[in-house]
Every structure is written in structure tokens, then in C-alpha cells.
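Take a look at the structures listed below.
Note that chain A is present in both complexes that follow, paired respectively with chain B and with chain C.
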Partner chain A sequence: MINIYSQLMSAANKSLFGLTLGPQNESDGPFIIGNGDFFIEIPVAFGCSFSDLTLTGAMGTGLPNAAELIDKGTEVGVESRLCNGIKVATYYLEAGLLKTPDMIITTNSCCDAMDTLGNLLNGYKPWAHIPRFNMHAPHSYDDASYEYMGKQLRQAVTFMEDVTGRKMDMDRLREVCIESNKQCQLLLEFQELKKAKPCPAEPDLAREGAEFKNWSKDRISPQVTEWLEVLVKETEQQVKEKKGIDGVDEKIRFLWQDLAGSWASGTLLARLQKELGAVCVMDYVSFGTWTPVDLSSEETMFTSFGKRFLLEDPMNRQALHTTDLFCNDILQIVNDFSCDAVILPAHIAHRDTNSRIKVVRDMCHEKGIPCLVLGIDIWDKRYMTPDVAYDRVKTFFEISGLL
Partner chain B sequence: MSGFDIYIERINDILEELKNQGRRINVYNVPSSYAELPRTIPVNIGGNANPGIILRQDTYVELGNPEAGSSAFMISTNETGLIDDGRITLIGPDIPESEDKSLPFGQVILIGGAALDDKEHEALQQSGFVGDKIEGYMIRSLPQNIWSRISKDAAGKGFNFECLGKALIYLYKSENPKIESIEIKFITSGKDDVKLLDSISEQVRKISKEIIKENWKIKGYDIDCELDCSSCGDKSVCDDIKDVLKNRKKKGLVK
Partner chain C sequence: MDLIKNSEVFRKLSGIAGSINNPVIDKLKKDGGKVAGYTCSFVPEEILIAAGLMPFRIRGTGSKSADLANDYFQAANICSMVRHCFNHILTGEYDFLDAAIIGGGCDANRHILDNWEKSDAKIPFLHRIFFPHATGDLMVEYFRNQLADMKAGIEKHFGVEITDEKIWNAIKLCNEARDLQKELYSLRKADNPPITGAETVDVIVAGNSMPKEEYIADLKTLLNELKSTKTEEKNYKARLMIIGPCHDDTSMCDIIEGLGGITVTDLTCFGAKIIYGRVKNSGTDPLQAIAEYQVQDRPFCPKNLGAHPIISKTVFENIKDYKVDGIIGQNMLCCDTWGGELYILNKELKEAGIPMLRIEREYIPDSIGQIQTRVQAFLETITGGTQ
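After this line comes the complex of A and B, so read on.
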């Protein structure tokens, strides 16, 4: 059945998947490549194209020839347990499939694989002549860290200005931030609506919305705002009418504490929802904690960017900081979204998360929250097939008394 | 729990300063015995008292939208004399006069108990997640600060900051028997007024983090260890393994 949600999903996907190898927000201006998410409002306001190579690689794992791409990445010679999303990115780079950038901006980040990718980018000989800027993200979250990170993002702008010989229009940056703030508020509104029982809309739309806002070729545009407004309005109506997801008899609500990756949404999570009425109400990319960019001055804007980058980018939030923050977020999500269980997918390459498995298990045990550790590869379904993962989750729900 | 005491005095100084600047102040005093409090509040209190979502169109007033300003924290002390038990202070406009507004929101909860120790800190913090426990009051999921909504229905029943304060006192005391006294301060008078709490909130968070860290240590976990390779004690072992693998690859022993 084609309903408004399928139309929204299709519009966002079109914008997201049209750019598998090309840069996001393609424009006539210069092209920047990086190993992670830069503060995207900056390249948008500067009128340049930006490509997050990690994302490009991750999207490759969603293609029909994903297995071949992953194996080619392994053949490049990177460490065998490296994240497969990054392996594909490595292959794209080493095989010369990427458009030559005008600038490279890298950062140390939450993930060892992304760091490796940054090193490969910086050491890639054919691009040795390209100007580069490397930022340092501290592993802390306090005002001093936000200021420190904000200053580096400001320096990155100066670097972009030096390379291109043109100035950043700060009024334009402010305009982009106003639009971005609006979009964050709408995403947070949708997040609140997911608390309703039964869950009123496909929860994955939250992730889709966040990706559409930040990663698609239409990023931060009024089209995204309009998309989000329709999403919220429709879902408010669903809540009012106490309606759940079309065709789903909700019995279990759970948290998937990792990225959904490239295959789980369409296979495992969809099947759990349809066959068992088990709805994944939250995953860690969808958990939005954005505070609006403070537009009072240039300095406050960049400090806000620093905070967004360090603490409010979902993967940085969950992986760059302490176990205490990670555990508190789990507890808050379980409480606020009435989750019956926590599933730690334990993506084989997420060493940061995997080092916390015992702590999370102990905490869940102490609080009486059923917890399952899966151990899948979110980018490569050959490691644990969707069917095997489904059986494990189903058995877990059964023995926990949830089914 | 004495690490926080100095900040209680600073909070009182901030409130005094706002008073001197002519801000409107309302003070309510609630009796020490909390058990009767729910009967004096026009909405239900307790688990599942607010089971639904408060939609935008059903919202009477919004508190602490990050764009309007928000700061919220809890401080505990063993010096019960520092806390004026049952006192609720509001600086700025109250709920009934704020229809369709988005008010800045500062919320400070001061807790006293001679027998409170660091082990209770986490439980006290969790009592702050009032979630669905106050009818017509919905706290949105935004860690660190409080961003909430009050429904038109609750406002229609006369819900105001005195009621919110009473509900919080009831929930804290009923969930934590070691609490002897509670005092609550709300600020809604302006973004800059709420911002005055930020420097204290930052310090409180730091102390709180240390307490939590120690509590984790007791359980056998160091939650604040450095995560990058350069600071890891086992880096030399990893480097050796990498060298071995490199050599084996060179010799064609591994693919």
C-alpha cells in the first residue's frame, strides 16, 4: 500500500542513494573530501561539495555487489578486522574510483577504522599535492572541549578560505544554521512521538530523516524541512487516533544500541516487526540530542558546532566518550521509550562498544532489563545471516518471557 | 557529599542578586510530611500518571526549549541545615499566565540527608527522570537539561509551579527514604537569568562525574580510561603482533 510514509521514505532514499560514489550536496564550487562527518552546515554555507568517505564506503555495502566490494577492500591489505564499511571506502580510494578533491579535511574520531581511513587519505600518493587540514577531537565533553573543537572548525574555515581565495559569508552560514535548527526541532518532535504506545510510525523514519538532513544531496535544504513537517504532522494525527504502524500488532519494544548498518533494517528488523510484533523503537543513530546552534555571535556559533560535533553526533556521542554516558543513554531510552529489552548488535568492528558489553550486561541485569548481545557485522551479512540473527533474537524474546 | 555545599551558597547568592534586580519572586512552603502532598495537587502523581504524549496543539506552555534557555541540576548534602525543607521558590512568571509561551527554565533541586552518601547519588539523579509520573507534565528526551511541556488540561486544572514543586518533593522523598529535606528553585524570568546557573551546573556535573566514576570503580570498572592507542599500556604488544603479521605476510605464510 502506498501511503504518505512510503512516499516520504522513497523521497529521502532517492536523495541519499543517488550519490553512492559522488560527493554529497554536489555544487559548482570546490570539492572537499574527509574521513568523517565535517560540521555539514559549513560546506553547505560555503557553497562547496563535501564527501564523507566513511559514508561513501558504508553506502557501498548496501549495493548488490557489496560482498565483492568488501572482499576487494580486504585485498587492499588493511587489518582484517577493520570495519567493512571502511574497507569498501579504502577500495574506492586505492582503486582510483573517487573524484580528486580540492581539499582534504580529516579528524581523529570515535572509530579506529575511520582514523585508519584518515591516515590512508593523508598518505595517498596521487593526492599528495592536495592541501589538507587535520582536526583533533578531544575525548571529553565539557565547555572547554566544545570551545576547543569550535576553534578548530573556525580554523578549518580559514583554511578553506586560504585555499579557495574567497571568504565565508557569515550571514549565509547563519541562514543555513537557522534552517538546520528548525530541522533539528522537527526531528526531536518526531522522536517524542515515538514514545506513544503503539509506536505511531515506522521508527526508522527518524534515522532516515537525520540522514536526509545531514548526508543527502539535499542536505539542510527547505525540501528537508518540508519533508520533516509532513512527517511530524502525519504522525501527530496517528498518535491522536492511537494508531500504530500499519499492519503491525505491537507486542515488544526494544532498543538496538548500535548503527542499523546496511542490511538489518530491511531484513532482520522488518521481519521481527512483522512476524513477532517486536518494534525497534530506537537505535543509536536515531537518538537525537541536538541543542540549537547559538546564533548570538560568530564565537557562540562555532562553539555550538564544536558541541554538536563532539557530543551530539550520534556515533561520536556513543563511542568517543565514557561508558557512563553510554550506559546513561541506554537507561534514559529504555525509560522514556518504554523499551522491554536492549539488543547490543555488537558490530564486530565496534571495539569501543564491544569493550563495554560486560558493563552494559551487568547494568541491565541490575535493573531487570533483558539484554542480548548479538555479535553481527552490520555491513556484511555473510558474517551472521539475517535468518540466524532472527532466530537468536526470537529465542531471546522467548526465554525472557516477552513472547 | 560535602563537595556540593559551596554551591548551595552560590545559588542563594544568584537568587538574591535577581531579587535585588527587581525580579518577581514567589515563595511557597510545603509541610515536611510528604505523604499528604498528592492530595493538595490537582493532577495525579505516580507511575503512569501521564501515559500519553502531549502534542504541540495540546501544549499550554513549554519550558526549557534549548532556544529559550534551560539549566537543571540536583545537589545533595549531609548538612541538612543548609536546606530550607519544603521551600519552593519561583523567580519569574508562573504557568497560568504563560499560555502558548515557551519559557526559559531553570530548575535546581537541593537535597539534604545526614545519612546520604555517594552510593545514593545515582539513585537521586534517577529520581529526576520523572518521565510519566506527573499528569499533564511531559519531559522530553534531551539529556543534561530539562525541556518539558504542560498540557492544556493540566493548566485548566490549576497546575502551576507550586504543584510541580510539590510533585517533585513527593516523588523524591517517596523514592529515597534517606532524604530529610528538599528545597526547589525555579527560574523562568529570562534566558540570561537561567544562564547564571550554567557555571554552577558545569561544576556540579564535574563533581557528579567523579562520584559516579568512584561508584563504578567499586564495581570493578574504570569508566574514564583513555581509549586511543597512543595512551594504551598494551601498545607495544599490539605493535609486536603487527610486525609478526607483516613478516608472515612478506614470507607468504598468511594471505
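After this line comes the complex of A and C, so read on.
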């Protein structure tokens, strides 16, 4: 299967770097920079570009000079144990490497480090004159919270209108959401197909799809929808023929309960799959409920945006909410995807996951699910090298009787 | 200062600040009183007092180890204050609490509730409250709703009615305490303050660890003593301000003051941040008044995306008012939000020619010698090595 999504991701990565770090390009429209998430359908419909500085930093850790960038980020001196993805972002900012935006939109979602980067953006003197809008993503997930978040996203649109002197074309926003809804449905179908044994598709496909869905303006295109249709069709065929991933003798199915990170998927996960037949059938970026936007009215649209923002952005779901939601997701994924084990990468700077380890361990123990808390830095492989991580996972599988 | 060391009321307040359970709480409990613990300064004591509960700000005072808590929170990656507080919860130090309200101040802090619920340390009533990370009318409304939920939960659990009148009265009481605390701070503007930074920490921390009426009475006595006694002339090396998160122990002030400096003010979560301004004490909706105070008047925590301008303004005002020579910016390891804020402040202070020393530390300081050396060098930098 040709991974067009990977190709699109690669192009989109370059595009994000170009957008954030490259020269000003008139065709991109007004440029918004944020510390974290925004509901990507909004800037797409508004005809402007949006860059998530956290993602830019995180992707920097995937570059050949990642170690140098991380060290430069550390030298900035914000906080010694700050997430290395954020450190790289602070380096880009403080070294004056970023393109000057027309607007700044910040949010606390999804963790303390985001607050930190948001405040650094807000406190960056050379951009003191740039209009800004701060959003609060609540640590709760009920109807009132979705409505509250939706109202803030509506206010963000008003803010964009005030800054640019343009009006949001609500019909265009609806069109964008229709395309987005089609893609959500296809992603949901693809996720359902991945429950099959053996796992019919590479883990990266779902993860990249989800990442791409959440931030790339290039995603809202019929080309991507068409490719998703092909992906679903081909995966259906794989399932019908009971075929797994090419060249993999599937022995273990596991859940990777965190972001996969720039180095882990290409090295650790690929090696586990190839050498041990241990397949990461789900991770916390790929996992989604893919709720369509309710297009009944403008109000329902924005409330839907709020819900998706709070519950379906992968890191928001992981980090913003309660341990109960986190644990329920683990159980649901283990059950639905027939996982033999759970690996908590427990990225060292994820304060949320690192505050839940005992509860998750106890729950898994009680349910008879082997669980490993790995404790890696998902952005810096010097903290725990891929070889050491591989050995630990292999030993864990052996001790658990899975190998 | 000898004066204050000889003060009976100061010894009482200092004793309360230096322990978790204390004789005042023992007496209150014996008389049938109830105590509600809370984390984070934005959890409104006013509502707890209106419910007839004594508010107690949870802290890790006296903790020697976080071993039990480290099972729940990865030690290397989680703030040690949270871990020491939770360790106290697990070891039973907080068994006297009848309720606890956990504020979602930071990622680690808000997980105290989840972990408490799943642990063997039982508590009759546990409630979470979230604070907005941005400021605006929508956020005030959000927080007001959080307060209403908290009020309803307490009413249901304790079978009490928290009337508006009771809340207004509690607001007046807490405002009175804040006013007196501000008066105490004002005394430190003098060239020879009658109270040190370390002593002030004790007095302020005690205020969140005992019944408010009793605290107000004690504080009035202390203020009278301080005002009526002549202060000994001292030539301090430098007048410093401490900025950062939790500052519920005297260790940093002890270091500064042991080296010949004096801490004249602060902007910390257990210090000046909790005495800032006043809650509006009349109107139609007391919850709205509290929400406006917490969200709009004092968005002091750097978890709030609009906090920096207010923090910066307050710091520069204090530098002038308290004749501050230098700043100690201290944050706990793994405290991302304060790390960011201190970074921004450091740049601004540098531009203004105000020296600042940044210290990342653990809650229970384990490298006093190293910190002492750095503070000593800092004091020498300020004085040009002349004193």
C-alpha cells in the first residue's frame, strides 16, 4: 500500500517549517501563530494560515541536528526539566527565527508547558504590538465545557475579524466542516478495521492521519479524502483476506499510551515489530472518537468544535482530563483492539502521565493486563537510547510470558 | 529580631506554621468543628468559612520523605511540593480533615485528587475545582459556575445551607485578614523592618491554618506589639524580594537573613499573592464577587495566559515601595509555569538594572550549602563586595 499520507505528512512538515520559519508569503494570507492547538477548520475557512509553535518545536526534534536544537533550547534557560519539544520551540522564538505573525492565539491546552510557551509568546517583547487572544481549555468534558470552549472559539473568530477587517464566511466554514466530517467518518472506519487480528495496517498510518487531521491546513482537501477512501478500501481487503502487516509475524499486540514521538516510531516500534512480532496496534495519537461537527446551526457547529477540541485532539484527551478518562480509554482500547499489553512511555515531561502511574499500574494489575512504565524522553533519545528502551520492552514481554 | 522572638502571639503563630496539626485545630475538633483542606490560593476560603468549615491550606511542612507518594508521582518529573503534600496525606498527617478541595493549579497538583480517591487515605468529602487559564467575562462566568458547584457539593455533604449572607460575612472576614496582613507587609517598607522575611512567612502561613477570627485577633495583637516597640538599628547588606510559587517555609529567608540580607517582600503563592486586593463585599451575588476577584483582579499564577503584565507591574511597584535591591526568583524543579514567568521577568529586570538570582530547588531543600553560596555571591554582587 502506498503511504500517500506519509508523503502528505512529509510535505506538510516542510510546509509547517516554511510557514513558521520561512519568509513571508502573501499567498498564505494572514498568519496566526499559536503555542498549541487551534481548531484548524477555522483558519482554513477564514483563508489564513496557522502555525502551532509546539508542533514546530517537536518536529525540530526529528531533524538531523535535533540534539543541537534541544541543547540550544536548554541554554535558553526557562526550566531545566521543561519538555524538550517546547525547549526547541523556545529556542526558535528567543533566537528570533520565527516569522512575525499577524495575530497570536494561545491556549493552555494541554499541559503546563503549553501555558509556559503561551506566556513566553505573550511576553516576547519584539511582538508586543501584535494583537493576541488567549483561550482557556477547561479540564472537564461535559456539555457545559463544550459550550464554553465553543464560545471561546467563536470569540476567536470575532478577534480574527477585528484584526483583519474581514468577515468569516459561514458558508465556507460549513463547506470545510462537511469535508472534515467525511474524513472523520473514514478515519473512524479505518480505526474499526484496525481491530482485526492480525492488525491489517502499519501503526504510522493511523497516527499520521490523526496528526495531519488536527493541524494541517492542507488536510482539508478532496485529495486527502480520496486517499482515505483508498486506505479504507485496501484495509478492508486486507481484513477480508486475513492479512497482517507485510513481513510481520504478529505475536504480540500492544497499546502505546502516549505520543509516539519523533524517534520511537522509526526505531523502537519498527524494531519491536520486525524482530519480535510485537505490533503497536493503537497509540494515544491515533485513537479518536471522530465525532462529526453538528452542522444544524452556527451554535451547534461551534459547540461541536469545542467538543472536538477538548476530547479529540490527542494530547488534550490524554493530558487535560481526569485519570478516570485516561484509564477508561486504556481498558476500551485493550478490549477493542485485543491488546496483550500496555506500554506507558511516560514521557519525562508529561506531568499528567507521570502523576498517574500507580493508578494505571494498579488498574492493569487488577485486570490482568501486563503494563510497563518506560520513562523515555519522546523527543530526545539521548535520555534513554532506543537500544536500552528496546531491551526493557523485550524483557517486559519475556517476564509477562508474552514471548 | 529579639522583639518578635519574645512575643507570645508570634510564638503561637510560628508554631502553627511550623506544623500540620496544631493545638488550635485539636480544640476546634474537640468542640465539634470541622476542617476543610485545600490546595492552591484560588480556592476561596470564603465559601468554606460560610459553610462553617475551617479552611486549612495543604502543605508539606515537616515532611522528611516522599517515598510513599513517589509510587503515585514519578519523583524525577513531578514537583516535590506536590509529592511531599501527598506523602503527608498517605501517612495520615491530614486525617483531621473532614473535606478537601483540590484546585487544579498545575498538572501535578490537580492529580492529587485522582490519586487521593484511589489511595487508602480516605476522606469524607473530596471535590475538585478548576481555575481558568485566561481572563475575560466568559472565564469569570466559568469560575462562578465552579464556585456554585463547590457550594452545592458542600451543602449536600454537610447538610448545611450556605446563604448569600453567610458568604458576604465570610468575604468581610477574609478581607479584614487580608487588610491586616497588608498592614504587616507595610511595616517592612521601613529601613529597619520590625519583622524579618522568615518571621513574616510564619505569620502569613498561620493565617491559612487556623480559624480566621482567632487569627485576626492574634494578628491585631502582633501588629500592636510591632508598632509600639522601637526597632533595633541594623545595617542590612541588601533588601531582597522573593518571587515564585509555594513559599510556605522559611528556608530561603533564613539563608538570606543568615547572610546579612533581609527579605522585605515577596510575590509567592503562600505570601503576597494571597493578600492582594479585596473581594467586593456587597452586591447581589457573592459568588460573582469572588469569581471577579480571583479571575480578573488577581490572575497572579503564571498558569494564567494573561498573568505576566500584572505580575510584572506588581513586581516593579514593590521594588519601588519596599526599596528592593535585588530579586530571588525561586521555583521548584519541574515547575514549568513559574520557570517561564521567571525567565520573562529576568529579562525585564535586567533591562531595568535590577539584579535577579534564579534558583531551582526542591521543596525540602537538600542543597542548602550550594544555595547559600549562590545567595552570598548574589549579595556581594549587589553590594559590590563593600559590606
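Methods note: the second predicted complex is superposed on the first by the 373 of 403 C-alpha atoms of A that agree within 3 Å, B and C clash if a C-alpha of one lies under 4 Å from a C-alpha of the other, contacts with A are read in each partner's own complex, and residues count from 1 in each chain.
Operating definition for what follows: contacts are C-beta pairs under 8 Å (C-beta built on N, C-alpha and C of every residue); 3 or more make two chains touch, one makes a residue touch a chain.
What you are looking at is a predicted structure, and each value in this text was computed from that prediction instead of being measured.
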| item | value |
| --- | --- |
| Superposed partners chain B and chain C on chain A - clash or fit | clash |
| Chain B versus chain C as contact partner of A:332, first or second or both or neither | first |
| Partner chain(s) touched by A:278 [first = chain B, second = chain C, both, neither] | neither |
| Partner chain in contact with A:362 - chain B first, chain C second, else both or neither | both |
| Partner chain(s) touched by A:324 [first = chain B, second = chain C, both, neither] | both |
| First, second, both or neither for A:239, with chain B first and chain C second | first |
| First (chain B), second (chain C), both or neither touched by A:291 | first |
| Superposed model, chain A: greater residue contact from chain B or chain C | C |
| Touched partner set for A:142, first chain B, second chain C, both or neither | first |
| Touching partner for A:123 - first (chain B), second (chain C), both, neither | second |
| Touching partner for A:196 - first (chain B), second (chain C), both, neither | first |
| Chain C region in steric overlap with chain B, selected from 22-30, 238-246, 256-264 or 310-318 | 238-246 |
| Where chain A meets both chain C and chain B, residue numbers | 77, 108, 112, 139, 322-324, 352, 359, 362 |
| Chain A contact footprint on chain B (complex, rising order) | 51-53, 55-57, 66-67, 126, 129, 131, 138, 140-143, 145, 202, 205-206, 209, 212-213, 216, 219, 221, 223-224, 226-229, 249 |
| Residues of chain A that touch chain B when the two form their complex | 77, 108, 112, 139, 142-143, 181, 188-189, 191-193, 195-197, 236, 239-240, 287, 289, 291-292, 320, 322-324, 328-329, 331-333, 335-337, 352, 359, 362 |
| Complex contacts: residues of chain A adjacent to chain C | 76-83, 86, 106-108, 111-113, 115-120, 122-123, 125, 134-140, 144, 148, 151-152, 155, 319, 322-324, 346, 348-352, 354-359, 362, 373, 375 |
| Parts of chain C lying in touch with chain A, wherever the complex brings them together | 71-74, 76-79, 82, 104, 106-108, 110-111, 114-115, 118, 130, 132-136, 138-139, 142, 145, 302-308, 331, 333-341, 343-344, 347, 358, 360 |
